[in-house]
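You will see two complexes here that share chain A, one where it goes with chain B and one where it goes with chain C.
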Partner chain A sequence: MEFKITKNANLFTIILMALGIVCTIVGVVLEMGHDHGHHLPQRLSGNLLINSFFFFGIAIASLFFLALKYATETAWYVAIKRVIEGVAGFLPFGVGLLLITFAYITLNDGAHIYLWMDEEIVKHDEIIQGKAFYLSKTFFWIRTLVYVTIYLLYYWGFRKRSLLEDQVGGTELHYKNYKKGATFLVFFAVFSSTSAWDWIMSIDVHWFSTLFGWYVFSGMWCTAMIVMVILTLYLKRLGHLERVNENHIHDIGKWVFAISFLWSYLWFSQFMLIWFANIPEETTYFVTRIAHFKVLYFGMFLINFVFPMVLLMSRDAKRHSGLLIFVGLIVFFGHWMDTYIMVMGGSMGENASIGFMEIGLLLLILGLFVRVILTSLTKAPLDVKNHPYLEESIHHEV
Partner chain B sequence: MHKEAAIREPLILGHKTYHDITVDVCKPIEDKAPRGWYVLFTIALIIAIYGVGCIMYLLGTGIGVWGINKTIGWAWDITNFVWWVGIGHAGTLISAVLLLFRQKWRMAINRSAEAMTIFAVFMAGTFPLIHMGRLWLGYWTMPIPNQFGSLWVNFNSPLLWDVFAISTYLSVSLVFWYIGLIPDFATLRDRVKRPIPKKMYSILSFGWSGRAKNWNRFEIVSLVLAGLSTPLVFSVHSIVSFDFATSVIPGWHTTIFPPYFVAGAVFSGFAMVQTLMLVIRKAFRLEAYIHTRHIEYMNIVIMVTGSIVGTAYITELFISWYSGVEYEAYAFLNRATGPYWWAYWSMMTCNVISPQLMWIKPLRRSLYFTFFISIVVNIGMWFERYVIIVTSIHRDYLPAAWSMHYPSHMDIGVYIGTIGIFFVFYLLFARFFPVLPIAELKTILKSSGESYKNAPDHHEHESNHSSHH
Partner chain C sequence: MAERIIYATYEDDDVLKSSAKKLVSKGVRIAEVFSPFPIHGIDPIIGVKNTRLGIMAFLYGLTGLLLATVGMKYIMIDDWPMNVGGKPNGTYLENMLAFIPVTFEFTVMCAAHGMAITYLWKNKTLPGLPASNPHPRTTDDRFVMELRLSENNKFTTEELEDMLQTSGASELDFKYVK
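And then the complex of A and B:
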């Protein structure tokens, strides 16, 4: 059975996007009226960055997950392979959104998001001058383009070989994917950190943390697993993915559970070490966030850590679709909140608030995200053929 | 029923039956020990006795007999401690994390890796205790009320967290390892003829009868312990890294330390497992169970964790420049070009470059090369800790206090001594305990044994299924 976007899903995404556009416009108009529109470029580019990075992150983390499965010669995932590819299908759009965001920010001389892009500020700031070689518009764009080009090339390559495998079978493509998966992981290991420094950490331009890249990576991986589990359950509810049984669901649930722990562990490591050593250059990051986003910040940590830990601990919970969707949706927004505070904490600071623009852009890009993923699912059969581990995946039992 | 893809390499080579597995694993225990074992044991024992002698001298004289001084209060002692704890990580990773990931190949190595873990953690624990100088006051590390005569501990200190983390880890690893051994001890109990060994294995096997009820409980306990140990794998070395990272010393205080220490620990632990397994498979003729594919898998783990460690080194280096903090930048510059440059570049060569050679398939499937690299990695990981510890403190904020560390005979003696003690334990284990999990291996024989995997009825089974779809 070929997958088609249902009427409800069609309507749902259109409503999301329409609502998003309306709210965004209202938000922009309101911001123009507020304080002579002084904060408009900052708030708009901040919101663009939050959402383009958040949804791009989900797509790239899915591609990472696929590469991981190829490189580790895993079998169970074969039954949901097209779901993973579907989520990764947002990658070209995510890249597009990111590039639009960066272009807008660059044209506005950093838009008070990337202070290092503002010559007036750099002139009076010795710390930024010290790293001007790295934090310069040209080098930033070169790095960004290198990251996204390599990501896209891998995405198209994986997709092409996956569709081809359905037709020709054999093991040649399989071993090619194994090798390509491993090399993707090498690129990703470096780029996931450096891009997190470039795109997010440089917002707090004086601040630095060696763990930051891994922390950001774990957040997007966790969100990607949540999207995968919700999408799989949705498709099953529509009667697709017959091969997927509760054992596969259990496994994705385990990943959600495990990566939530990984994220919490990295959050704690970064926070605790900075808090404990109490060096002002480092604590400033948390001090500003706790000053302006106290409830959201610790609330976000509690949601992303405690919810999955308590509710998904038991075996039965990880096989219970209602519970997985409930926890998944809440933690999804918990991680969005994390991205929001990462970006806004270092830029808008005390002026930040969640208003029409924040909600509008989130709804708009969420609607686009869902629609693109569903569309990409219609492009190929949901059940793969000829994968050497297909039988092993069908007989999967835990 | 579980089904394994045809393209996967079998994990048990040749035409083995259930009985063959029992015989193959029990044989080295039931036979007389080969001469090689006695030679190795004697060497290890001599080194161990020398080590114990050094420790006694140290305790009798004071820790000033080490090469430490006012600036460098921590050197080989803590280096050795971290090195041993790191090695002690592989066992639980293999038994717990790989269990959760359903990696069947772990069954070739889990038993001896867990034993290695326990002995390595013993050795690790020795160093903080003897560093106290008063071994008999070791219980002061515990939160015991002052009325008892000790001093109340400082809960703000990561060193105290270490006490909790490592003792928990040791207890859980020990229980996990022992639970796995019980059915195998029962097998030995039922096989051995001589009365004394029979009595010993009988006691060790806790009256295991092999009833369904026993197996049921065995499975439940294993899963619970696997769940408990997985966070422990992360917590132990994270907390060890806190010993350094909670400070304000440039080169020590950096947020990437916890996960990077964990990766480094797994890296060194697997290297030690390789060193030991390559010898054991040959000495005990277990080539059918621990073959090239297992070695290759372990080499891949070494390559991946080595790469994570390498990425972390480069991240630290980059951020020390990016931070714009002069002291941070100097700490790293001093590591690479200062008086300890040789230690830094040994670390870089052994830990960053050497595991990358494992990308080459013939090399990672070569047993001699693997053995060589496993030693190189262990040397590299020792240097890593030495570099982190000594180069970060030998030149601190006050140039007047700058100093160098030169190891004394006692530094070397105690360190070498622990290697001797470790091998005494390990050789005794290999002589009297089953080095492969007999019961667990039998569970994968039908799905991953060479003769079953390629048996004719297997293909029939497969074609039946494809006709359904």
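And then the complex of A and C:
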């Protein structure tokens, strides 16, 4: 059965996007009036960065997940393969949004998001001058374009071979995917860290943490697993994905559970080591966040850690669609809050607040995200054919 | 009461599985299956209930968490307050971050050891216990099904033997337990 976007879903995404546009415009107008519009470019580009990076992250993390499954020659995921590809289908749009954001920030000389793009500031700042080779507009753009080009090439390659496999079958494509998946993981291992440094960590330009890349990456991965489980349950409810049974749902639930722990572990490792060493140049990151976002910052951590841990611990909970969706939605917004504090904590600081612009842009890009994913699901049959491990996936049991 | 046990040996796990399905559908109760490796999907056929080891793991973990907290509170705060790198040591809460890694490790250790010991104990395979499998080859390449006559009153011994042999058992052994 071919998947078609239902009337409700169609209306829902249009309302989300319309509401998002209205809220964003109200937010921009309000910000223009506030303090002579002094903070407008910063707040707007900050919000663009939060949302484009957050949703781009979900897409790239599901592409990573697909590559991981190819490289490890896993069997169980075959029944939900098209769901993973569907979420990864947002990648071109995510890349587009990111590039628009970076172009806007670059044209505004950093817009007080990337301070190292502002020549006036760099002139008086020795620490940034010391990083001038790496953090320069040209090199930043070269790196960014290299990352997104390689990501997109792999995405299109995986997609093309996946659709081709439906028609020709055999193991030749399977082994090709295996090799390509492994090489993607090599690229992604490096790029996931360096891109997080370039795009997010350079906001706090004086600060550095080697662990930061993994922390950002585990957050994206966790959100991607949540989107996958919610999307799978949604499609099941509509009567699609007949091959997916509760064992597959259980497995995705396990991923949500496990990656929540990975994220919490990395968050805590970064926090505890810096707290323990107590070196001023390292603690600035947490000092600013605790000063201006204390409740949100620790609240976000507790929600993203405790909710999945307590509610998804038992076997039955991971097979309960209502509970998975409930926890998933809460942790989804918890991770959005994480990205919000990452970006705003280093840029807006004490002036940051969640207003029309924040909610508006979130709704707008969330609406676009859902719509693009559902559209990409309609482009191919939801049940794959001819995958060598298809039979094993159908009989999957845990 | 004397108990009579039949051990039916199979050379293939798939044959054993399909044979178990057939026997159970006729109303035969299978007491136990011995196999060198886990046979996928045999549990629901012979009526093994879902394991409760997970619940025990949670309880062991909770014990570890509690022991670690109480222990460190006493050792590091109450009995002899230690100043490590100038970190606050007035109350447990002030220095909690430093204690979390140890708490985590101790929780994991208690859960893992508790689970392993419980598992071995429930399977009667703790080190030093006598082997309970009927045939040494069930640890190598044979699969054995155990039937107890007291649980299968509906059938005579001959009927059971006949069913087992037609279902593909390569060998039948009998054992009397006083």
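As a working rule, the second predicted complex is superposed on the first by the 398 of 398 C-alpha atoms of A that agree within 3 Å, B and C clash if a C-alpha of one lies under 4 Å from a C-alpha of the other, contacts with A are read in each partner's own complex, and residues count from 1 in each chain.
Criterion: a residue touches a chain if its C-beta (ideal position, glycine included) is under 8 Å from a C-beta of that chain, and two chains touch if they have at least 3 such contacts.
Computed from a predicted model, the values in this text were never measured in an experiment.
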*Sharing chain A, do chain B and chain C clash or fit in the superposition?*
clash
*Touched chain A residues, chain B compared with chain C*: B
*asked:* A:Ile142 in the overlay: touching chain B, chain C, both, or neither? Say first, second, both or neither.
replied: neither
*asked:* Let me test your reading of the model: by the given contact rule, A:Phe208 touches which partner, first (chain B), second (chain C), both or neither?
replied: first
*Have a look at where A:Leu329 lands relative to chain B and chain C in the superposition and call it first, second, both or neither.*
neither
*Please work out whether A:Tyr134 is in contact with chain B alone, chain C alone, both, or neither, and reply first, second, both or neither.*
first
*Which of the two partners, first being chain B and second being chain C, lies in contact with A:Ile274: first, second, both, or neither?*
first
*asked:* On the A-aligned overlay, A:Glu397 touches which partner chain: chain B = first, chain C = second, or both, or neither?
replied: both
*Once the shared chain is lined up, is A:Leu302 touching chain B (first), chain C (second), both, or neither of them?*
neither
_Once chain A of both complexes is superposed, is A:Ser314 in touch with chain B (first), chain C (second), both, or neither?_
second
*Given the superposition on chain A, at which of 59-67, 113-121, 149-157 or 167-175 does chain C overlap chain B?*
113-121
*Residues of chain A at both interfaces, chain B in one complex, chain C in the other*: 272, 276, 397
*asked:* Using the touch definition from the top, list the residues of chain A that touch chain B in their complex.
replied: 73, 75, 126-127, 130-131, 134, 171, 174, 186, 189-190, 193, 197, 206, 208-214, 254, 261, 265-266, 269-270, 272-274, 276-277, 279, 281, 388-389, 391-392, 394-395, 397-398
*Touching residues on chain C, where the partner in the complex is chain A*: 40-41, 50, 54, 58, 85-87, 97-98, 100-101
*Touching residues (chain side chain A, partner chain C) in the complex*: 268, 271-272, 275-276, 278, 313-315, 397
*Hey, which residues of chain B end up touching chain A in the complex?*
1-8, 100, 102, 231, 234, 238, 242, 245-248, 253-259, 307-308, 311-312, 315-316, 319, 321-325, 462, 465-466
